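The two complexes that follow have chain A in common; it is paired with chain B in the first and with chain C in the second.
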Partner chain A sequence: MISFSLWDIVRHLCVGAAWTAGLSLVAFALGGAAGLGVLFARISPRRRLSAPAKAYIEFFQDTPLLMQLFLIFFGFGLLGLDISPLLTAAIGLTLFTSAYLAEIWRGCVEAIPKGQWEASDCLAMSSLQRMRFVILPQALRTAIPPTVGFSVQVVKGTAVTSIIGFMEITKTGSMIANATFKPLLVYALAAVFYFIICFPLSALARRVERRLHAACAR
Partner chain B sequence: MPLVLAEGIQKNFGSLEVLKGVDLRVEEGEVVAIIGRSGSGKSTLLRIINGLETFDAGILSIDGERRTGLEKDLRPLRLKVGMVFQQFNLFPHLTAGENVMLAPREVKKLSQRAVRELAEETLSKVGLADKFKAYPDQLSGGQQQRVAIARALAMRPKALLCDEITSALDPELVGEVLDVVQRLAAEGMTLIMVTHEMRFARNVGNKLIFMHQGKVHEEGDPRELFAHPKTPELASFTSAIQ
Partner chain C sequence: MSYAFSIEPILDNWEIFAQGAAMTLLLTALGAVTGVAAGILGAVSRAWRLPVLSPFYAVYVECVRNTPFLVQLYFIFFGLPSLGVKLSGWEASFLAMALNLGAYSTEIIRAGVMAVPRGQIEAAESLAMDRWQIFRFVILRPALKTVWPALCSQIIIVMLGSSVCSQVAAQELTYAANLIQSRTFRAFEIYFFSTLLYLGLAILVRRFLKAFGRRIIDGRTA
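Here is the complex of A and B:
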């Protein structure tokens, strides 16, 4: 049996943490881009676009992330495609993130007063121009705090991918815990790693929110 | 050919009949003041003219083009008819100059230099040449409304619709906005304005429309109507206001 020193545990968790951070970053970047597309479909006046977008958002919000990962993992398997845990995790979290971000952003877009939409219309702008030059720049301000806040949820969501065998912090931790019989120590260390990644994000969200409040009070 | 021709316009919000067959005829260069109690349908009529609201029955033609009320693309209409709102609706993230330049640049695809000159010209027309770089929240209500007028004018509309544009202003700021409108009227701009400023309607308007319960109740020469209202409704309305 291999013996683990404290340094060995931390070293392995460091590697896991890098995968967690990397997966979060990919999910957040791709999910953000896809979320923008879902957002546009969701707020479209055309039902052919908004109805599927709504169903998409509902599905990812109202089913557990773990089920979504299983569906992707075993769904691809059923199609005869071998899919790695990494790819499953990346696709799953990207879809999950895109649905949530689209819904968060929809709230910000719809909070822009009706007068702004009408003023743009009366200047003969197309709906794309209206979004690009009038609505989104204003929605962006209010969208930043909840978006950064949600990134914390994405990081913590990556823990679920341990169940399909993706070697991020939690999976690494559970393997070390099984080998060392020191689950409390190992999981406590794993929690510290999550905290180190997430705390700056939530602190940033709070700071941005305070700044925006101050700007509004100007 | 009138610029705006409406015949028998009807509009319902659910079971509420807001307009019950409205006729309106506005010639080029005319200044039309629409007055009436709140709920008489005057703002709805204005919003139907530039397609912010649909209508349920009647005929509407703008600049000779018949409108069905079901068009998907209202942009050609909006290029002809500008609008100024009660709440200004300036874009708060853009400066006064950028507010004016945005649509000419993006919609009309004018060059940066052309839109810059256009913005300077229209802002100085409303007396705000020095506020080019000011953001809306750095301007008074009267100044914001004048920027909104400049923004509408920069699209070179054939007619300007004004929806109670002084109603949200402090009393001491009303004059500066009405002065701008009066100058536009003198230059021959076609104006259709819903207003509570009776003196303005009488002195500047060519035509007065009194709306009552979703219909045009009386119309004609403003001085004549104010001096000798034909119906008791208009008489009681004007005496209540003055």
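Here is the complex of A and C:
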């Protein structure tokens, strides 16, 4: 039997933390790009585009992330493709993130006063120009705080991928806990690792929001 | 490859599904009531800067909001027994859900409490309402009314999050799905159906909470 010193536990959790951070970054970047596409479909005046986008968002918001991961994992299996936990986690979290970000950003776009939309119509802008030069630049300002805030949810969402066997902080933690019989210490340390990643993001979100409020009040 | 979507494993095991769904609803109901109660206490402590309670809640909220629910659950279920606190799967799940929702609802309700205009409270004072009446009718009720939609979403998020409670052997819907899956090996069908069940539960609970909010919070003016 291998004995674990405190340093050994921390060392292994560090490796897990790197995977957690990597997966979060991939999910956030890809999910953001996909979310932009979903957003455009969702706010489109054409029902053929907006209705599926709405259903997509509601599906991912109203079902557990764990179930989404299971469906991807076993769904690919049905197609005869063997899919690794890493790929399952990346696909699952990307889809999950895209749905939430699209909904967050929709709120920001719809908060732009109607006059701005009408004004760009009066200037004979195409709908692409209107988005690019009038709506998105303004929506971006209000979108930053909730988007940063949501990144915390993505990091925490990665914990669920431990259940399908992805070796991030939580999975590493539970394996060490089983080997050392020190679950209290190991899970507390795992929580500390998540806190170290998430707290700066939460604090940043709060700061950006406060600054935005101050700018709007001026 | 020949594969046929088979509905039989779902029909044959509907009782297990029903029990799982009932457990998920029960956990959600208990967690929501306890969590929102803890949130009201937290919001008041934070908004009025009560000694002891306010700093306690500040730390508690940050700790819960910046760590995953799954780790909190593991800490309670696997970690606490070394301190002599042994909880069963569903007790640990309930505690984790209530603690989690307590932290989020503290922040949500606090926003509502802070949004009550000062003039309203002064008006209530000049009407000779006592402190309890002011709190109940002038602060809490309008505050809850303002933040009710956000609170509902958070309760739904906690309910969906409870799917990981199967990991500590709480016999909720995902546990039922895992059980049936291991008996029938029809993984995709089982998880597909459970996903639809979760979707249905989420829609149902949202409707219920909306109606509840209309009736209890902004309904009768007492």
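The rule we apply is simple: the second predicted complex is superposed on the first by the 218 of 218 C-alpha atoms of A that agree within 3 Å, B and C clash if a C-alpha of one lies under 4 Å from a C-alpha of the other, contacts with A are read in each partner's own complex, and residues count from 1 in each chain.
The criterion applied here is as follows: contacts are C-beta pairs under 8 Å (C-beta built on N, C-alpha and C of every residue); 3 or more make two chains touch, one makes a residue touch a chain.
Predicted, not measured: the structure shown is a model, and the values here were computed from it.
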Worksheet item: Does the chain A-based superposition show chain B and chain C clashing or fitting?
Response: fit
Item to complete: Please indicate which partner A:177 is in contact with in the superposed arrangement: first for chain B, second for chain C, both, or neither.
Response: second
Discussion item. Going by the contact rule set out at the top, does A:52 touch chain B (first), chain C (second), both, or neither?
Written reply: neither
Worksheet item: What angle, in steps of 10 degrees, lies at chain A between chain B and chain C when each chain is taken as its C-alpha centre?
Response: 100
Practice prompt. Based on the superposed arrangement, let me know which partner A:123 touches: chain B (first), chain C (second), both, or neither?
Written response: first
Discussion item. Counting residues of chain A touched by each partner, does chain B or chain C come out ahead?
Written reply: C
Discussion item. Output check: A:198 vs chain B and chain C. Expected answer is one of first, second, both, neither. What do you get?
Written reply: second
Practice prompt. Would you sort A:134 into first (chain B), second (chain C), both or neither based on which partner it touches?
Written response: first
Worksheet item: Looking at the overlay, does A:63 come into contact with chain B only (first), chain C only (second), both, or neither?
Response: second
Worksheet item: With the two structures placed on a shared chain A, what shortest C-alpha distance in Å links chain B and chain C?
Response: 27
Worksheet item: What is the shared patch of chain A, the residues that chain B and chain C both contact?
Response: none
Worksheet entry | chain B-touching residues of chain A, taken from the complex the two chains share | 113, 115-116, 118-119, 121-126, 129, 133-134, 137-138, 141, 218
Item to complete: Spell out the residues on chain B that touch chain A in their complex, using ranges where they run on.
Response: 50-52, 74-76, 78-79, 82-83, 85, 87, 89-93, 102-103, 106-107, 137, 148, 151-152, 155
Item to complete: Mind listing the chain A positions that touch chain C in their complex?
Response: 59, 62-68, 70-71, 74-75, 77-78, 80, 152, 155-160, 162-163, 169-170, 173-174, 177, 182-184, 187-188, 190-191, 194-195, 198-199, 202
Worksheet, complete the sentence: In the complex, chain C touches chain A at residues 1, 3, 62-63, 65-72, 74-75, 78-83, 156, 160-164, 167, 174, 187-188, 191-192, 194-195, 198-199, 202-203
